[in-house]
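Letters A, B, C and D mark the chains as written, and numbering starts fresh at 1 in each.
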Amino acid sequence: MQYQSQAVAKPYFIAAIGLFVGQILFGLIMGLQYVMGDFLFPEIPFNVARMVHTNLLIVWLLFGFMGAAYFLVPEEAERELHSPKLALALFWIFLIAGALTILGYLLVPYAGLAKMTGNHLLPTMGREFLEQPTITKLGIVVVALGFLYNIGVTILAGRKTVVNLVLLTGLVGLAVFFLFAFYNPENLVKDKFYWWWVVHLWVEGVWELILGSILAFVLLKVTGVDREVIEKWLYVIIAMALITGVIGTGHHFYWIGAPEYWQWWGSIFSAMEPIPFFMMTVFAFNMVNRRRREHPNQAAVLWALGTAVMAFLGAGVWGFLHTLAPVNYYTHGTQITAAHGHMAFYGAYVMIVLTIISYAMPILRGQKAGNRSAQVLEMWSFWFMTVSMVFITLFLTGAGILQVWMQRYSDAPMAFMVVQEKIELFYWMREVAGLVFLIGLIMYVWSFFVKGDERVVASAATA
Amino acid sequence: MRAKTFPNAFVVWLILVLLTVATWVIGEAGLGGPLVVAVLLLSITLKGQLVADAFMGMRDVSSSWRWVVSGWLLIVTGLIGLAYWTGVH
Amino acid sequence: MNVLWPVQLQPDVNAIATPPAPRRVRDLPGDFAIWIFIYAELLVFGVFFLAYAFARAGNVELFNEHQQFLDRTTGAVNTLVLITSSLFAVRAVEAIRRGAAASCSRWLAMAVMSGGVFVVLKLIEFADKQEQGITLSTNTFYMFYLSLTFFHFMHVLMGMVILSAVAVKAYRGAYSASRHTGVETGASYWHMVDLVWIVLFPLVYVMH
Amino acid sequence: MSEVFTKSMARNIYFGGSVFFFLLFLALTYDTNRDLPNRDNRGAINEQVSLGKRVWEENNCIGCHTLLGEGAYFAPELGNVYTRFGNSTDAIVGFIKSRPAEGIPGRRSMPQFNLSDEELEAVAAFLKYSSEINTANWPPNVQG
């Protein structure tokens, strides 16, 4: 660890992994509810489990992003973090607020939570992914502002590398677009239109900047390739991401009451969205092939390459599958969307956070890399989680294709619930794949506690 | 050779002007149909290749990069032609 | 040969007689980054053109009916303006290769001004359509007409911004005969804007 | 490939390109807002519909259902439920009201939300309003 203040990243990473485990457990509950409708009913109805599943994902990814920023910003800026105390204070505020919100979801009926938190004063609740009580949303803004201040001051006072500047623009964008979460007009079309300014411009916009800069940082460290080369490719890739992704928002405006030209604009631009992901894959493999050193942390290299490949598959290929308006007309709001959502979030954002954790955690614990046995276990967990996620995606895609066929495309369309029963087998297989994912996750957590051959650790530390 | 590009660019410009005027005349005359479409597509391809070669400087550029632009022109005009043809039938 | 056929298919006779040019095969003019951008833009426009063509195939009557109301004369004049402007940009690059920075700056300024003419004519055309109550939602043909021309229009504005910046830099003496990548970069982008319009005008205004 | 490939040009393209396409996005957004009154059925929004949207939100209906195709995929699409239920708000009210509190053994069931009559009528009115938004003929058929 080059700077003492990088240590604040550690609690963020630990919290992220903890919440990740929670997210997966609730995912398994939902998966079971798909095939055993009365499971945990009415104690934890599906909508509550889903809210916990998706909100935990968002919160733990944010923890991961913040941890990543606290770790890499001082190193890039070549100076200590402006205020480690503020970073720690915000950590506890965010964690407690997040935990209270999740407990609120689980212990109080949602309508009661809305009443308790005064949703009528500024109604923002009850929209997908933005279910948090308004007060929690305000808390997120406060935490984000404090975080941006802390990071921003550090970056602007220090060495301004491209990695830092891109990360900063991504984080500022994240905070700015979140403000649309507070705009909830009674006009449903406008509500949906601007809701996407949060959701799409996050995951297919500014988050890609964060993803790109973290990936560039890790590649810089593990390959030793010239900074100049990595930085200019980073610029080109994120430029392509925004060029395609901003107008690409249009692929969400086809059927929500917006003008129909979005079908053309959205199709054309979102069809280009795989390009930056493809460039990212080529870039990552290129950099690793041109590496100038063998970094002892092979697990981190694996995660970095995995991110590039899986982001391309999940966000790029599976996104393209149903992004064209004539296709989307039939697939919109089916299990195809769920399939894409799972692999895209895992491949792009889960994996990039696990990449930086994999690289940073050993350093935060005073080693250059984890010991050999720990790394082997971590790499096994990589394959378990990644392969099972591929299968989850394939099973959901299968379910989605059948659903589209029977419910949407057929001459005699069947009712939603009838179709759901017919595709039950795919949901069972998805649940099994989910269990394998959980096994992978347990292995992953375990890998942090594996004690190895001290000699290897010592030689790695001096390497 | 550099100095020789001077008249070249001008001649290219002149050809572009003439082809554009021809396109305008076709438009004002209201001409249409497969033959006219073919002529216009040919004219687009020619004009595009001239701009690429003489203005963008592609004729001096290694062939693979040059072919990206030429290929773009051929694919776009070719598929436009195909689309118009399917529109007729 | 040169006068009759501007594209040199074979090395010029004179060129063989005189010492060979330093490098026959050049790299892409300008910064490679702009070429990534140019190729990406060509891809987007190409797909947009094909979307137009195939959408038309399904609505031939509608497209033919409304196409005749477009202002072909303004469109043609704008084509002439853009190719002339492109020629100015070529002259600017030639000037700076000779080291004539002031001349380069003047040619660029003229290119930008031509771009301005295009913008004014285009705005008049848009205003006219607006007056007739034509919007993106009027019908598929006008959706494409407005989308394509407006998207291209924004590229003209962007190109003008780029060329202006380059012109100012040239005027301040930032470029020389040996160092002028910036001029080539700006000119390459400008030619792309021209190239796209060369396809756009016949396709949307004339072809039926 | 060009010999010259500078970081500063890559940066310019990143900033220039993002600003350019964001401005284009704003322009299209402007046009969308101008066109929305023709499509979004805003004339039907009254206090009851407005309350209905609140009821919809405060019971997290989107956590199971889709509305105009967005939401969760656990329960049927509701953007067209008004037409699917035979253009009847009463049928919607009746359905929500009659959900068993303890669920249905072995099957998915909608929770009993214990809504007041006013809330029930409001949420049904909201769903009627939603069904009359011009969604470019989506969903493909009445099954949603």
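For the reader, a short list of remarks on this structure follows.
One rule holds for everything that comes next: a contact is a pair of C-beta atoms (placed from the backbone, for glycine too) under 8 Å apart; a residue touches a chain by one contact, two chains touch by 3 or more.
Not measured: the values here are computed from a predicted model.
Taking B-C and C-D together, the pair of chains sharing more C-beta contacts is B-C.
Mean C-alpha positions place chain B and chain C at a centre distance of 13 Å.
With centres set at the average Cα position, the gap from chain B to chain D is 47 Å. Separating the centre of chain C from that of chain D, both taken as means of CA atoms, is a distance of 42 Å.
The set of chain C residues that touch two or more partner chains comprises 27-29, 33, 35-37, 43, 136-137. Residues of chain B found to touch two or more other chains are 65. For chain D, residues touching at least two other chains, in rising order: 1, 5-6, 10, 13, 17, 20, 24, 31, 35. Applying the touch definition to every pair of chains gives A-C, A-D, B-C, C-D. Of all the residues in chain C, the ones that touch chain B in their complex are 2-3, 6-8, 12, 14-15, 21, 24-29, 35, 39, 42-43, 46, 49-50, 53-54, 56-58, 60, 64, 68, 72-73, 75-76, 79-80, 83-84, 86-87, 89-91, 93-94, 97, 184, 188, 191-192, 194-195, 198-199, 201-203, 205-208. Looking at the complex, you find that chain B touches chain C at residues 1-2, 4-13, 15-17, 20-21, 23-24, 26-28, 30, 32, 36-37, 40-41, 43-44, 47-57, 59-62, 65, 68-69, 72-73, 75-77, 79-80, 83-84, 86-88.
Across the interface of their complex, chain D is touched by residues 30, 33-34, 36-38, 41-42, 45-48, 50-51, 110-111, 114-115, 119-120, 123, 125-128, 131, 162, 184, 186-193, 228, 231-233, 235-236, 238-239, 242-243, 246-247, 249-250, 252-263, 265, 329-330, 332-335, 337-338, 407-409, 413-417, 420 of chain A. Of all residues in chain C, those touching chain D in their complex are 27-37, 135-137, 150-151, 154, 158, 162, 181, 185. Every residue of chain D that touches chain A in the complex is listed here, in rising order: 5-7, 10-11, 13-14, 17-18, 20-22, 24-25, 28-29, 31-33, 35-36, 39-42, 45, 49-50, 53-54, 56-64, 66-77, 101-109, 111-113, 129-130, 133-136, 138-144.
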